[in-house]
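Across the two complexes that follow, chain A remains constant while its partner is chain B and subsequently chain C.
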Partner chain A sequence: MSDAAATITRDRQRLEMSALSAPAVIFTVAMIAFPVVYTIWLGFQTFSSTGKQSFAGLANYSKLISDYEFWHGLWITIALFVLSLVLQLVFGVWLALVLFHAKRLPGIVRSLFISPFMMPPVVAGMMWLVILDPSLGAANYILQSLGLPPSDWLASPSLVIPTIALIDSWQWTPYVALIVLGGLQSLPPSVYEAAQIDGATPFKTFPRITLPLLLPTIVTAAILRSVDLLRFFDIIYITTQGGPGNASNTLNIYGFRVGFEFFNIGYASALMLTLTAIVFGAVLAFNRLRGAVAW
Partner chain B sequence: MKARMLVTHVALPVLAIAAASAQARAADFDWMKFKGKTVTFLANNNPVSQALLTYKADFEKLTGMTLKVDGYQEQQMRQRLVTVMNANSDEVDVFMTLPSREGEQFAAAGWYGDLTAMAKNDVAREYDPAGLSQALLKAATFGGKLTSMPMNIEGPIFYYRTDIFKKCGIEAPKTIKDVEAAAEKIKTCDSAVTPFVSRGLKPAIAYTFSNVLHNVGGSYIAAGKSNLCSAKGKEALDTYSRLLRDFGPPGVVNYSFQQISALYRSGRAAMAFESSNELRTVMEGGARLKDTGLLPFPAGEAGQVPTTIGWGMAVSSHSRQPDAAWYFVQWATSPEVQKKMALQGIAPPRPSVAKDPEYRKWIDEEPVRKEWQAALDVLATKGSSEVGYPIVANPESREFIGQAVQDLILKQKPIDQACADADKALDALIAQK
Partner chain C sequence: MTDAVNTDRWIRRLNLVQLVLAGIIIMAPTVWMVLSSFKPSFEVTAYPPTLVFTPTLDNYVELTKTTPFLSYALNSLIVTVGSTALGLLFGIPAAFAVSWTRITWPAILTLAARMAPGTLFLLPWYVMFRQVGMIGSYTALILSHAVITLPIVIWVLLPSFDGIPRSIFEAAQVDGCRVTRILWRIALPLVASGVAVAAILAFVFSWNYFLFALVLSNGDTKTLIAAAFNFIGEGSTQWGALMAAATLIALPPLVLAALVQRWLVSGLTLGAVKG
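So, the complex of A and B:
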């Protein structure tokens, strides 16, 4: 077969393959694109309380600027994000180190350590709601048994965010630990051997060798958790529904209520697109950071 | 004389013909008319629908239709409904609705099918639409259109521990002030129990708070403006929040029916103001069966104006088979089915069912059931369906009522500021057309 004939055959094969895979590709792209495009379109509409719809231009976005609940929700979202992420990264790395060094830990114990993130968040939320009930819950019972004062936990405007951050961290720290454990297991032993020859103690190797080498893995874990934390919904909805007052009313909870309880789908879409932009911004920032710490 | 002649010669014959034709239509009624069709029912997965759906097979056998049930928790059900209705989809034929909450809104959006003619003309002989609670039918009528048929009757009632009251030497409260006095006394007499508990979760507060507001003589709207900062409005806000703050459990701002029932059932609350529907949950395990008394919420300056609502069954305006859907609604709200549901503890919206010997026998089995029915009788005769603001944006209005109460429970604002902030937000909602 001549080169020209071979090229024609190859091109035809490519064309046939493209044609065969086109329906699946179009379907997949449509599945991703349609909800996004539809939400963008909804963001330019206004819906009255009776569901009547009309074009609103940028009105929903200009309303955001003067909406106290939006700024409050944004602040709560960021506070919860920062607090939870720090807790999960710190304890995730610690748990990974424990699991890495405790080689003789039975498999069942290892499984138990990482089991919380396998639990559906709704179940975790219900469980913690019962445990943290100020009257009937086990948490206050334990505190009082130890002679400590009881706490209002999720019912206190000042404690609700740290408490939700603790619940989320309880559930997702093992996930971070699992990622970091993978990173630890892939670190080159030769670096540690060289450090040992140079007389480095474990207290020195951790900050000077382990942590810098682990940074790309930790940043990857941070990216994965950031996306989840910025669109955090289920546990808050189950435990507080944004309360007490508006103390845990994140952008997500606020958007849900505006859309599905007050039926203002247009404004809710604008809120959620703004949140999506924030999520993208955070992912881009972390991606850059990952590039900077890669080795 | 002329008037009497008009009555005897014109009106009575016309009525007789109308009655005869209605009877004839009832006689022609055929439950198998829509045999082979499938009706989709969007249900709130609560005790009312659970009791109803126990008899799903009976409906399918009676009509030859298939009943497809799409069941969710209350909020998720509304979420699904909003999506379906906004898409003008015919996926749902019949849905459960709370007219007191979303009636104005759904009616204005055109989501309810008009049941007026069907309830009059297309009924089985035994259906007896006039036997349903007239107050609930009125509450489900918007712009002259009947939008749903009542499934049950319910409202918040006052649960109290007779043994604790006896131990502390307290009489059953007759007024709101008696409730406060009793709570004060229980606080010192039995410090192990929570004296009083009711709803403190923001969106849930309006359900119980409305009863207090109406009992003290307050109203949500006066002269087209929000009225929470009126003297009566402030009295209601102050009373309700003080009862929860001073005598309620820690963390009461997250309390809705689940937590209240659990606390009372476990014996850790002396008084609870919670839905009549919770009787079955509260009595689970039998621990509270012999030491609980039940009353409508004690009177204020305006007497007793209990909150009375009920779940209704509506036909979707987008249903392609409203007639078949109506057959399901009719079966579900018929005297026979409502009697069966009543025997499962679902308070019937039909006085005739409430008087049925079999149901009375069930009621008479336990004193607490008797008190429950007596309280429901007061709800049925004196009740108001106004829960939150009687406006299209009723669900949103409940947010601001709840916020004002929570601000006071948590001592985040003085009462003048809490009610003024709420009034300002609520005036904006009232102004929305």
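So, the complex of A and C:
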């Protein structure tokens, strides 16, 4: 084949390849990129009670800085994020180690372990709403039969965030565990053999060898969970809608309510863009961390 | 030597105890939900809670009588199947092209969409769909849910396409085979199992998705998940019917996920981890 003919073939092939990704790219631009640009524009608008919109400059953003609910929502978002992430990473690593040492995992056990995070978060919310009912729930019955005082769980302003973190951790700890298990299974066995010959006990090998080698996997799990945790919505909306009072009013819940309950689309856009910046900032920070712990 | 064997046995037992404990914590709430759905109404709210009871289907009967449960389920099915089909239609060729050309930005673009909070898109969609009178239409719901399914399809299929030896394609190319033909006739049959996993994961996540249908559906097109809210409102004293609804809503994703459990985790991490 001559050079010219080869170039023509290559060009045609490139064109055909572009045609293959075109539907996905056009769809994403139409459904994501264009709407996001539109949201940025909406963030500079105000909507009157009659639905008339007018240009407002940075008014929505200066409102945000002086809005108590925004700062409260940011604090709630971060508290829920840190609490849930720590619970899921600690118990996820523990569960992964338990699964790893069980050697053989029948399919049925695996199915059982994935069932919490494959069920709709909304269903998890409905289920825990009944279990954690302050007066008739099974959770308080168990507490009382153990001689412990009953709790108000989701109905308590001070306990609602830890309770939601517990529900989310029930759902997603097995997911973290399965990711970490994948990391454990890919560790070179020679490292352990060498440590064993040197007389290291399991209590010494875990913090000194296993954990450092696992860190990249753990950070990956942390990134995947962070993205979901910072925009946490389903379980809160189904169980408390941000309550009691505003005790579980995360930024995402607050933004949703400003937009679709009070129909202040302009201010809601400013809130959501801020939250999106926080999510992407967190992902970038974790990515740096992953680079630092890679081996 | 016997000491070492004994220690080994104890460690194994301790591990088994922990495994069983974790299994109980993971399973108990779901088992409780399913049990409650089969309890007679006076026993669902009994305190102390009962474990032994005569199972009944009353809650399920009541659920279908007092709520349009079946039409909600049909709506869910239409939206989920539609968005999964759309995700596969756009995602399969895109994944193939990304894998072949190593030009990754189309895949990363769809992934960025997965990372942003859904409300970010929902606000402009709401304004735009309202302007063209599409709020409450299946089209709006299917298009919005395809935003969920498309990145799943692309990222689950990428490693599958990457796993095919390039020589197969190059040979076909030398024979004058067009790229589209290579995709449908040669590559796709080779990644059939990957397509199945992608389709099931897309189905599960589209079925489970709450936020978009909450705003974009109306009384006629409400999906099961968006309607869950109504069940809670009506069911404040009707825990039996509420748990029956929860059980039925969770059933399709759980059954499907069990089918592909072996490939699920690597698929779910969108290629970040090979499980």
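Structural remarks
In this section, the second predicted complex is superposed on the first by the 263 of 295 C-alpha atoms of A that agree within 3 Å, B and C clash if a C-alpha of one lies under 4 Å from a C-alpha of the other, contacts with A are read in each partner's own complex, and residues count from 1 in each chain.
Operating definition for what follows: contacts are C-beta pairs under 8 Å (C-beta built on N, C-alpha and C of every residue); 3 or more make two chains touch, one makes a residue touch a chain.
Note that the structure is a prediction, hence the values are computed from the model and not measured.
In the three-chain model built by superposing on chain A, chain B clashes with chain C.
Counting residues of chain A touched by each partner, chain B versus chain C, the larger count belongs to C.
When the shared chain is aligned, no partner comes close enough to touch A:Gln45: not chain B, not chain C.
Of the two partner chains placed by the overlay, only chain C lies in contact with A:Phe280; chain B stays clear of it.
Using the contact criterion defined above for the overlaid structures, shared-chain residue A:Asn60 touches neither chain B nor chain C, since it reaches no partner.
In the superposed pair of complexes, A:Pro134 makes contact with chain B only, with no contact to chain C.
In the superposition on chain A, A:Gly243 makes contact with chain B only, while chain C stays out of contact range.
Using the contact criterion defined above for the overlaid structures, shared-chain residue A:Phe260 touches chain B and also reaches chain C. Contact with chain B, but none with chain C, is seen for A:Ala155 once the two complexes are overlaid on the shared chain.
Working note: chain C versus chain B after chain A overlay, options 73-81, 109-117, 127-135 or 145-153, clashing stretch identified as 127-135. Looking at chain A, you'll find residues 135-136, 259-260, 265 touch chain B in one structure and chain C in the other.
Across the complex, chain A meets chain C through its residues 13-14, 16-18, 20-21, 23-25, 27-28, 31-33, 35-36, 38-39, 42, 94-95, 98-99, 101-102, 107, 109-116, 118-123, 126-131, 135-136, 138, 141, 145, 170, 174-175, 178-179, 181-183, 186, 202, 217, 220-221, 223-224, 227, 230-231, 233-234, 237-238, 252, 255-256, 259-260, 265, 268-269, 272-273, 275-276, 279-280, 283. Taken in their complex, chain B has these residues touching chain A: 75, 78-79, 82, 85-86, 105, 108-111, 194, 201-203, 249-254, 259, 262-263, 266, 268, 392-393, 395-396, 399, 403, 406-407, 410, 412, 432-433. Against chain B, in their complex, chain A makes its touches with residues 48-52, 133-136, 150, 152-157, 239-246, 257, 259-263, 265.
Across the interface of their complex, chain A is touched by residues 11-12, 15-16, 18-19, 22-23, 25-27, 29-30, 32-33, 36, 45, 47-49, 89-91, 93-94, 96-98, 100-101, 103, 106, 109-110, 112-128, 143-144, 146-147, 150, 154, 173, 178-180, 183, 204, 207-208, 210-211, 214-215, 225, 228-229, 231-232, 239, 242-243, 245-246, 249-250, 253-254, 257-258, 261-262, 264-266, 268-270, 272-275 of chain C.
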